[in-house]
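Each of the next two complexes has chain A plus one more chain, namely chain B in the first and chain C in the second.
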Partner chain A sequence: MGYVAVTAGEEIIERAEDLFEKQRTSGEDEDIGIDQLDSQLGRVIGQAMSEAGLYAPRLAALAVKQAQGDTVEAAFLLRAYRSTLERFDDPVTADPGEMITTRRVSPAFKDVPGDQLLGPTKDYTQRLLDFDLLSGDPDDPTADWDPDDAGEPERLTNVMDLLRAENLVPDPDPPTDDDPTDTTRESVTHPPDRDAVLQELARGETGAVTALGYSALRGYGQVHPTLAEVRVGDLPVRITHPYTDEPATVCHATVTESEAVVPVFEKRDDPQFAFGYGLTFGRNERKAVGMTILDASIQLDGSDEPAEDAEFVLDTIDGMESFGFIEHLKLPHYVTFQSILDRIRAIRERNGLSSGGRVARAERDDVDSPREPPVAEVSDDD
Partner chain B sequence: MTEDITEAGPAAVEDDRDGGTPVPTDSVSVALDTVQGDGLAGYNYAYLDEHTKREVRRAMLKAVAIPGHQVPYASRPMPLARGWGTGGIQASLSILGPDDRFKVIDQGADESVNAANIRRLAERTAAVETTTDSTAADVIQTRHRIPEEVLTDDQILVLQVPITDPLRKIDGSDAANRRRHAHANYGKMWVHLYENVVEYGEINIAAAYPVMVAGRYLMSPSPIPRWDTEKLDDADHLSILAAGREARIYAVPPHTDVDPLAFEDREFTVERFPDQACHACGSSDTFLVEVSETAGPEADDGTDDESGTDDAAFETRYACNDTSFCAKRRETPDLPKDHHLDRSGVDWGPATPDHGDGEPRDDLDSEAGASQRGDST
Partner chain C sequence: MESTQRTVMEALLVPSGMEDPTDRTDRFELIAAAGPAELADLANAVLETGPKLSIRQEPRPQLLLSQVREPVERRPFNLGEAVATPAEVTLDGARGFAMVPGKAERAALSGAIVDAAVAGDHPVADEATERLSAVGERDREQRRQEWARTRHTAVDFRTMEDQQ
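Up next is the complex of A and B:
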C-alpha cells in the first residue's frame, strides 16, 4: 500500500517508543532513581501532581522519569492511571488553618498574627548559576544551625479572617449543595459553579495559569490584587474511619495556598473588597497566585476581558487538553484537506482564476489584476 | 512495580475485629487483585472501570433518545492524548465485549499509526478480535470517514469528534450555543451560510458540514467529507459521535433524517473528482485523495530545482481513501458497495445507484459530483 503516506502497524509504533526510551537510557550515566527525583526535583514532582490532580509523589516521580522531564506528559500519565481506579471515599473537608506552615508571607500587612515566616524561598537570592553544584556536593548548608525547639506549630490566624471580621471582605457564597462538584466525574457546563472553577484552576497547567493571570495584571482585566497571604506547608488529609467514624489522618499533602483582596467594590452603599483564592499541590507559589487572580477575575463575571470569562479560562487552562489538541495537528488530515482543496478550487473556478480545479503555471503568472483578499476561512477541520 | 508504589496508600484495616465481617479494605492493591481477568494485567477489562463504562453507555442511550443532541458525560483521561480519539475509544470500549470484532480507521486507512495505536489499546485491554474488513466488524471506530461499503443494522459506527458544536464557528460561547440548541434557534447559522454565498458565490464549508438531525437539532457530523455526509441519512446502522476533550456524546440512530443545510439555489454539493479514478483499483465512485509523487524514475529529489514543486518534478495522482475497500476492488474491480447485502442498489451516498437523482456510477465525473437531496426526506 505504497500510496498511504503514513502506514504502520504495531511494530513501527513499538520501535518509535523504543527510540524515545533510548534517548533517556543511551547515555553513560547512572539511571536516575525515583527517590532522587522525588527529593531533589520536588518542584517538578509537585507541578506534575498539581496538574494531574493526584497527590502521589512516588507515582509522580515515576511519571516524570518516564516522560523525560515533561511535566504535562507526566501529569497526563498520572491522570490516565488515576482514571482507571475506583474511587472509594471522599476525604473530610480539609481546613487550611491546620496547615503545618513552612513559609508564610503577608504582603498586605507588615505585622500579622503569627508573624511573617520567610522560610525556604529563592525570592531574594541573586539568580547566579552556582557552579559548585556541578560537582554535586550534597552538603546540608543548615547543618550547623541550632534552632530552638519551638514546640508544636501554632495555628496561624488567617489574614482574610481579620478583614472579614471588619466586614471589609464578604463571605464566599455558601455552596449550593453539600457534595462538591467533581469535574473529573461530571463534565463542566457553563456557567460553572465556583467549586468547579476552583478545581479546574487547581489542575490547570502552570504556564497557562500564570499567563492568563498575568494578562489580567497586564491590562486585560481589572484585577490587581493585594495578597492577604501566601502559605506553603503540609496539610493533613483525613478520611472518616470506616469502623470508628472518627476522622483519621492518612497523609500530609504539601500545598501552596494564596488569598487576595481586590479593590473592586461590589456595592456602592456598603463597599467591600472582591477576593480570590488559590490552592495547589506542591510548592508552586506562581501557580497559586495566578489561580488567585483568575478566581477573583472570574467572580467579577465580566465578558470583555479574557481572564474574566469563565468559559475562556476553563476552556484553555487545562494542559492535557491543550497539549492533545495542539499535538493532534500532526495526525494525517488527508481527507479533510482534500475536502478543503475542493472548496478553494471551486471558488477559484467560479472567480475565473482557474479551470479544471488546478491553476496552470502560465495562467497564474498572467493574473495582474489586484489580488482579492485571501480566503479567510479555510479550515473548519479539527 | 505499580503495586509496590500504590501499597503506600491507607493501611489495610484489620478485619478480625470481634463481630465484624471481613470487608475489602481500602488498599489499592486489593482492588487491583479483584480485577484480574481478560485484558491488561492491573487494569479492568476494557481499561475503564465498570461504573464509567456504564455511565458512557447511559450517555449514549440518552443521545439515541434525542438524536443530534449533545449529551455531556464525564470524559475520563485515557492513555491516548486528548484530541487523538479519546472520545471514540471511550465509546468503543464501553460497548465492546469479548466476542466483538473491532475495526479502527483514521482518515480512511486502517494502517495509519494512530489507528494502529487505538486498535492496539483495544486488543490489549479488551482482548477483542480486530479486522480491517468493514463488513466483518461489529464496531467501527473512525476518524473522519464513513466506509465506502454499506453499513448494516448490526453494526455501530463510532465517529471521533474534535469540535462538537457546529455553532462554535459563529459564537465561541458554549453557554450561548446551548441556549440556541434549546430553542432550535439556528438563524445565525443560516446567516453565516448566506454570507458565505455572498462572499464566495457558494457555501465554503469543506468537511464537518452542518446537518439538521430529525428536523430538530443542528449537528456537526464530525469532520467527515461532504461525500460521506448523506450516508448518515436514513442509515441502517447506529452512529455514535463521541468527543473526549469536549466531553460530549451524540448520536444518529438508524433511519433518522439527516439533512445538510443548504439553500434552494445553492444546493449541497459533495467533493468533485472530475475525470479522476483511483490509480490503484480504477474506482471512480469512491472518495479519492491526491498523492503527489515524484515523476518518472530519473527524477531527482528536486534539490537543484529552484521552484521545488515544479509541475515537471511531481505528478499528482488520485487514490482511494478507503484502503480496505480499495484492496477489495483490486481483487474484484466492479465490486458494488453493497456486495455483502442480500439486496442491491442500496443508497449509500454519492455515486450509489439509488442515491439522489439516481445518477449511474459510471458517469459521475460528468456532473461534477453534484448531489441533490433525494426523495428520502
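Up next is the complex of A and C:
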C-alpha cells in the first residue's frame, strides 16, 4: 500500500480526541468502574478478549471503557498492548476435558452422560425487555435456591468420545507434541494447517465468523452440522514451574467450546461422521458454533463456496484487518484522488467533453481516435 | 492437581484436590489465586522483620500461551494468550517465584516474597501457609457452590412424539 503523508495541526487532532473522551464523561452519571464492566457486561468483555486473542479480563474491561463499547476497537487496543509484552516460555497444553463446566448442552443426544446442564442462559425464554432493570434492582434471583451438594465439579464425558467408541468418527492420528503454528508470529500460508485455521478462527471477529458460518447453512456450502455439544467453563492456563518443572496453574480462562458432526457417506461400506470444532475465549456461543461450521467447511477444501475456501475465510474474518481496511478509507486520499481526477479530466478533454455539456453524437463520431473503454480506477493504496 | 514428581507419601498426606502450601507447586497456585490485598498483607508482615531482599526478576506483565489439544484429532493449537505478571526474589538467601494473573506488578512481587518466606522458613511462614490454605479452601468452596448451582439446572428433555 502506498500512503502519502499529510500534516495537520496536532493540537486540532488532540481536540478531536478530547471531544471523543468528553462524550463518555459529559453526563452527570458516575464514572463506570472497570470492575462493574467486568462483572456486569461479561459478554462484551469476553468478546473483546476473544477477538484480541488475549485473556485479560480487567485489561479488556479497560479497553471496552476506553473504546466506549466498541468491541473491535477494544480488541485493537488489547492487541496493541499485547505487542509490547514478552512471552513466558514453556506453555503446558491443556485438555478441554479439564474444563470446570458451568454449562453443557448436547443437541445430538438427549440422554448424554453427565446430563444436559443449562447453566446460566436466556435460551428457551422470550426476548422481552425487562423494565424492572430500569430501577437497578440488585436482587439475586437465586437467593432462595437450596441446591443439593454435588461435590467437586465432575469431568464430563465428551460426546465425541461416545461416537468414537462406536467407530462413528475416525480415530485420530497418534498425538503429536510438535509445536503448533503460531499465526501471531508466522504469516498464514495456503493451504494452511488446521492448527493455524483454528487459531485464526478463535480470534476472528464474532460477526464475521457468525456470518460466514451462516452462509454455509443458507446453501452456500455443504455443511449442515448437528452439534454434538456446546460447553462453557473455565480452562486452566498453566506454565512449567521454573523450580519444580511441574505443571502449575496460573489462572482459569473462561472459554466456550462447540463440537459438531457432519454425516459423510463417501465410504458406503463404512459411513462415518466428519467433524468441526470451535473454542474461543469468553462466553460466546454464537462465535464458537460459527467457528465449528467453518472448521468443518474448510476441511472440505472447496473453492466454489466462500465458507469452504480457507483463504477467503481467513482473509476476511480478522476484525483488526477488516476494521483497518474499511476504516482507512476515511483517511486523506487527496493525492490518489487527484490523480484519478486528472485522468478522468484528460479523457473527457480528449473526447471533447471538457466544456461541461455532452457533445452531440454526430460530432463525437467524427473524432478519429478510438474511444477508450471505461476503466474502473483503483486507488494505489488499495 | 497432578504432579509427576511428587512422592507417594506426599500424595497420601494431601487429600485429592487440596493444595499443600508447603509444596512449591501448590504454593505457586495458591499465591496465583490469592487476592492482591492478601498477598500485600503477608509480604508487608515479612518485610517488617527487616530481611535481606533482592529482586532477581522485576515484576513485569508477560504473555502465557494458552495451548489446547482439540479433542477430535487430538491436535494442539494456540487458542490465544493470557496476561500474567511474574516476579522472582531472594529473601535471606531463599529464592521465591510467583506469577499472578493480569497486569499486577505489586501482587506479583508480594507473591514472590511470600513464596521465598515459606521456602526459607521465615517467622511469617506459618501464618502464610495458614492463609494460603484458607485461599485454597475458599476457592474449593466457591467451585463446589458453582457446580451445585450448575447441577441445579440439569434438565431432562423429553421428546413430544406422543403429543403430535
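Please note the rule applied: the second predicted complex is superposed on the first by the 322 of 382 C-alpha atoms of A that agree within 3 Å, B and C clash if a C-alpha of one lies under 4 Å from a C-alpha of the other, contacts with A are read in each partner's own complex, and residues count from 1 in each chain.
By definition in this document, a residue touches a chain if its C-beta (ideal position, glycine included) is under 8 Å from a C-beta of that chain, and two chains touch if they have at least 3 such contacts.
This structure is a prediction, so every number in the text was calculated from the model and none was measured.
Applying the stated contact rule after C-alpha superposition, one finds that A:Glu10 touches chain B and leaves chain C untouched. Judged by the touch definition given at the top, the superposed model places A:Pro332 against chain B, while chain C stays out of reach.
Judged by the touch definition given at the top, the superposed model places A:Asn351 against chain B, while chain C stays out of reach. Applying the stated contact rule after C-alpha superposition, one finds that A:Pro271 touches neither chain B nor chain C. Legend: residue contacts after superposition of the two complexes on their common chain; A:Phe88 is shown touching both chain B and chain C. When both complexes are overlaid on chain A, the residue A:Met320 reaches chain B alone and has no touch with chain C. By the document's definition of touching, both partners, chain B and chain C, reach A:Leu59.
In the superposition on chain A, contact is made by A:Val250 with both chain B and chain C.
Of the two partner chains placed by the overlay, only chain C lies in contact with A:Ala202; chain B stays clear of it.
Shared contact residues of chain A, touching chain B in one structure and chain C in the other: 56, 58-59, 82, 85-86, 88, 184, 239, 242-243, 250.
Contact residues of chain A toward chain B in the complex are 1, 3-10, 12-13, 56, 58-59, 62, 76, 79-80, 82-86, 88-89, 184-191, 239, 242-243, 250, 311-312, 320-321, 323-328, 331-336, 338-343, 346-347, 350-351, 356-357, 361, 375, 377-382.
Listing the residues of chain A that touch chain C in their complex gives 49-50, 52-59, 82, 85-88, 91-97, 100-103, 110, 115-119, 142, 145, 147-154, 158, 160-161, 169, 172-173, 175-178, 180-184, 194-196, 198-199, 202-203, 235, 237, 239, 241-251, 253, 255, 259, 275, 277, 279-281. Across the complex, chain B meets chain A through its residues 5-6, 8-10, 13, 17, 20, 23, 26, 28, 31, 43-44, 47-49, 51-52, 72-79, 81-84, 86, 106-109, 111-114, 116-117, 120, 143-145, 161-163, 169, 172-175, 178, 200-202, 204-208, 222-227, 245, 247-248, 269, 271-272, 274, 279-280, 287-291, 311, 317, 319, 321, 323, 327.
Touching chain A in their complex are the following residues of chain C: 1-6, 17, 24-25, 28-29, 32, 60-84, 86, 95, 97, 99-103, 140, 143-144, 146-157, 159.
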